[in-house]
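Got a structure for you, written out below as structure tokens; questions coming shortly.
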């Protein structure tokens, strides 16, 4: 039996319980679970297996456990693997047991979250695996589902990726629109330095080598090399080596990631793992 | 210029404004947009083009407009197409103009929503197109993102699909777990009829023809034919014709949908369009 | 001693706990229970009897228990009857015991909810009893207290009634204003069929026999026969027999219900049981 | 035409808008107004008359206006009477006009609130009228609907009544349970005086004359004479005259109020006007 | 060891838990405690001492306990003193033990609340001590931190003060602006008496003796003598003796309080104890 | 007349409007403004001057404006200075005009926020002025009021200070408790580097020079020199020069700040400006 302790630092339930509460209310509606209430006796008990229906990396078991517990504290949730684990189709992820009604009524919300987060972890792991011959790391973006950012970034970590900014407020990222309004890299960086705190790093998005040179001369912490052809990207990485962290972005997918990583870039920024990762198929099978 | 009025009944903002508020606060965090606040003067104005970067069907323009308006009521949002419209890569979706700071600070939240909803509409349209030679309709499931069900089901409508249940409370769907606990189709349906109101339809999920026969004998409104091989599905549809609405489910994708529809089934139930549809690539380009 | 297990499927606390929280904060205000805090020592304990002061049917005991538990998890709430039970004046409904302060501070909120819900159950039972010689069923309406719909519809079930729509979104009910705007029954029903999902039933409100005939010809699921004189209602029921569910509405009260039911109508729609039912008198008597 | 300005100080919308938002979301559910969305074109406009269907006193017109405005700010709401006005069945209360969809979708929530609040105002006025030959004033209790206390106490004022405590925290009311725990009137009052602020009045509930005497000797501000027979009540009022405000309580209804007031008591405390007042029948008629 | 039971009636957690939840989310942000998550193993346990770093009076220990419990219910919080106790620098206030991660992640929120509330209690005690030779009592104002009024007024009680109004709605306080608009003391008081309930006391703010005389003639409950020189204040107190409660306000600080109290005034109203009290320095030392 | 445009980037109202809504409801309670409602006619209008009663730096004018606007959109708020401006006692800060009732009812909430934020800005400016002969910058801490962090950090910026971390999640700060659990500086920093994203800076709190040396050898971004005597601090600054940002902390007040800054340290971390700054005295004087 695999180790049920997750390989990634867990979130505190207070970081996501309001979302779960909304999700349960969204599914129960005003009338509750018409079908289960009519069919399942109030004192019926049941046990169920939470299983993967496809290969993938798991994320969201604590979240699923909290969903069931929120509906009925008497439901027991015994994980068989931990978040961050790779499983094969058919793998038992957890056993859930107790009153049958809340077990059935909470199923969809738990599965929706577990499937989505595991989908993100699986997609992240796929990119991470693709670039494993290279030192590059995989990072996520702010292209997340509204309201689920903390959970989706957690799933990225469970997939072996690292997190970029969590929002507009935890680091400076000067993008093309900022450069257009400021009138250039120098003016933009100087304006930032006039007001920003000492704990905020500064990254500049560039798509040309002259912009990159300007950013490096200003000693920014990192440069985002956006949508560069591979040869230009390679030149950019060479130019920046030892002077700034380099990050590549622009339509990176599992089949293109290795070539980007081969340029020697430090980081691959991948929006796809959060905005377009397919859900992992997970199911709850009542065993009694 | 295309007609900016949507082809699908719009939601009231009160149905989604709390979600948008959470999304904006999630992205602004506690410190706000460090980069924009430092670089863009408080009185700067700008205009921007909201454009599609890929072919697709659009859903979420009202939502995007509300995002910008919520951040600053002075921002003008002029749609150039309506929800439910098919566009080509490069199409102008809307013009946004006004104070430059909120235009940049609201960009990501607006795009995340518009991209996700348009992705769902696009995926739905793809399935709808695949089954267009047949009378079958495409319906969605409860496999939606927690907290976004109303919006995602709206996007399905914008894609040409119809909605199945919005939650556990607006119709009866007797699934395999219910049958296992009740001990059979007859017992389950009879229990439901003892308590449920006259406006709730009753559907039974079956995966064998004898179950189907039992359900039809009980005169249920609809049958969910789950994961049946095509030939079995065809027999099931023949058996049920004129007696109950038939709905097929189980891993339906654009490349398999037509064969399912060819069985003569009334409805295709497709989870993929909400749980795994890739986002449509949309962007905001500041033009000044 | 009667059976403390309710005769109606219980709600999950997550369906009403936010309301209870608001109710407790509403009563405690900012300063809390001035009187109890001043008079009752912090370590005082007490037990109390929750009793009915009038004959009636009980609904809301779980809700009352949750109120006390929310204020102080150490309070024990032992029900003596279950929701859906008929009691006589003086009947012991539950014993509550533990720390004296929260017992007194939570009393009013618990009683307000229990009294209101039991009032609705009692009123419903009264109508149900009045029509018991006939096959007609009693259903409620959307004329409920804002914010309490799930609880009030639960109380209707506890009273032996069934629920009509829980909101504008779980079935189609075409009313006179819709007909006026659409221009007639046919146009209205056809517009609905163009967009609505397969799990939503369609009911049409009619007040004349020609409208009824049009609705029946369109094979709607149900007809709402509004404010018809008894002889017209009888004709309508005859006309619709076997073709649609018939529902009568319009000022139905305990003294008029039997005559309506005697027409053979399937359902009596009664707003009075939720918008105007007097509260059942319940009290909490400290016994120590 | 009557004066549309209310006869009672209006509430600020911020005091009730969260309730209205919840009420609208409760009625719209996740899918919105299926019927109206299907039948009414998005650009249809309509006007409607808000009318009373029974004699009564009106309360809640601002609230109804806010409901419509919250759904669509383009809806115009023109009141024809003001809160606190007596109207006859058939009276025009307000005209509402603008986009037809939100007019129909908001109807039920607006009517539910207006009907309930007007029902309370009407019941209050009835008691006030019954005691008009006497100087006694009518006051309400904390027996209000959870979550609606501010609105229901407003309706009491619109009905000509006055408000008692709004919660446990804005005055001291020593009840029988407090006396039991404290061991007597003297001990209870002294404990209160040791901690309570100078702006909180002190009232004691008594049901015997010796308790009343003790309370008067302690110079409390008011005495609540609970469930006293009329002759005892008369003695109590005589005893307390000039020494404390006297308040009678216990099952007061329109037909018993005058006899209670005839005892000379200062105040009649009436729970019935909030916990059991029938709703006033109000309707919205689309005039096209 | 001192008695850990507080000397002031505790609040119910439901009165402040929403604030604590917001505070924890505010500090954890979207990404959580980056430092602790990276450094502290998920199964590490620790114990810590909560200590005072300065002399003061303690308030907020229940609140601090709830913070830790909210983050992780396994954390044990053992108070060593109770709210309302005076401690010296170095005093042990509580021991906290259990999982190390939430212990560290909750530290700042717990300390911020405990430090602020103890600061208010300490400042209040300082004023109370200064006026101890006189019968005058110390009361607080509505000059509190938005959102923390219930907690800050609790801290005032822990410091030995009493509470004035908790808001605009629990008593009448006629201030200079009201007098200006009403046109005089008589007109203002009469307008109030026409509408306000019998449980609301009436206080009038005056700054001249003729205003005071008018208020006394109208038999108001209390007079707020604002910013009067000491000799005028003394005359005012003499004038009002036996006729109304007298309350002095205006820039009262520890060094000026005694002189004000020496005038014989009943109450000193002190905004400084809530709007400007420095926090008490408290710390959490992990003992491993 | 001074320039009414603020000298600091304004927040978006969506960042603080929920707090303001809570604050207004906290002050209005359930019954609203008893005094104003009784005395001020519903159609009375008034204008008022918002004035400073002491010298200070202003922060919070937008917030105050939003308070009034939230209560009644018809109230006009015309600022006369901008946030970040120094004013003298008596200075006119803004004119507010419109309906008299909401002007009076919103006064206290607006003043409480403006007074607190201006108090923080004033305290910050005082420290900034004290260190002006030196290059050191003043930064704030996480010792803020629960729920007000975004506003209080804004006030620090208005006072001329810079912001440190906004929460546990936007940078790494390794403190003494982390070092104790990790077993040393090296182990702690290495653990952090294994998981944290590339945009998060790393700071280590040290109180001894050997710890400092270890941190510098690990090339951390910044070192927090906690509670060091001035001579040790000077050595630490010399040691770290050019290798890490240096930040001093520990009981810094206006009278000790200059000596700390004279050591050459880059940053002074001052908790006092948020946890103990006295409010600035501001008032609203009705002029009509």
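Annotations for the structure displayed:
Per-chain residue numbering starts at 1, and chain names A, B, C, D, E and F are given in the order in which the chains are listed.
Convention: a residue touches a chain if its C-beta (ideal position, glycine included) is under 8 Å from a C-beta of that chain, and two chains touch if they have at least 3 such contacts.
Fair warning: this is a prediction, and the values are worked out from it, not measured in the lab.
By the document's definition of touch, common neighbours of subunit A and subunit E comprise B, C, D, F.
Counted as hops between touching chains, the shortest connection from subunit A to subunit F is 1. Two copies of one sequence, subunit D and subunit E, touch each other mainly through matching residues, since over half of the numbers at the interface are common to both.
For the pair subunit B and subunit F, the CA-based superposition corresponds to a rotation of 120 degrees in steps of 5.
As a whole-number value, the distance joining the C-alpha centres of subunit A and subunit B reads 22 Å.
Computed centre separation for the pair subunit B/subunit D is 44 angstrom, with centres defined by C-alpha atoms.
Shared interface positions of subunit B, i.e. residues touching 2 or more other chains, are given as 9, 26, 28-32, 37-38, 105, 149, 163, 166-167, 169-171, 195-196, 200.
A complete topology is adopted by the chain contact network, contact being made between every pair of chains.
Interface residues of subunit C facing subunit D in the complex, by the touch rule stated above, are 19-20, 22-23, 26-40, 44, 46, 48, 100, 104-105, 107-109, 111-113, 115-116, 119, 142-149, 166-175, 177-178, 180-182, 188, 191-192, 194-196, 200, 272, 275-279, 284-286.
The touching residues of subunit D, counted against subunit A in their complex, run 26, 29-30. Taken together, the subunit C residues at the contact with subunit A in this complex read 5-6, 9-12, 14-15, 149-150, 153, 163, 166-167, 170.
Within the complex formed with subunit C, the subunit A residues making contact are 21, 24-25, 28-32, 37-38, 42-43, 70-72, 102, 105. Across the complex, subunit E is touched by residues 9, 137, 139, 157, 162-166, 169-171, 195-201, 203, 221-222, 245, 247, 266-267 of subunit D.
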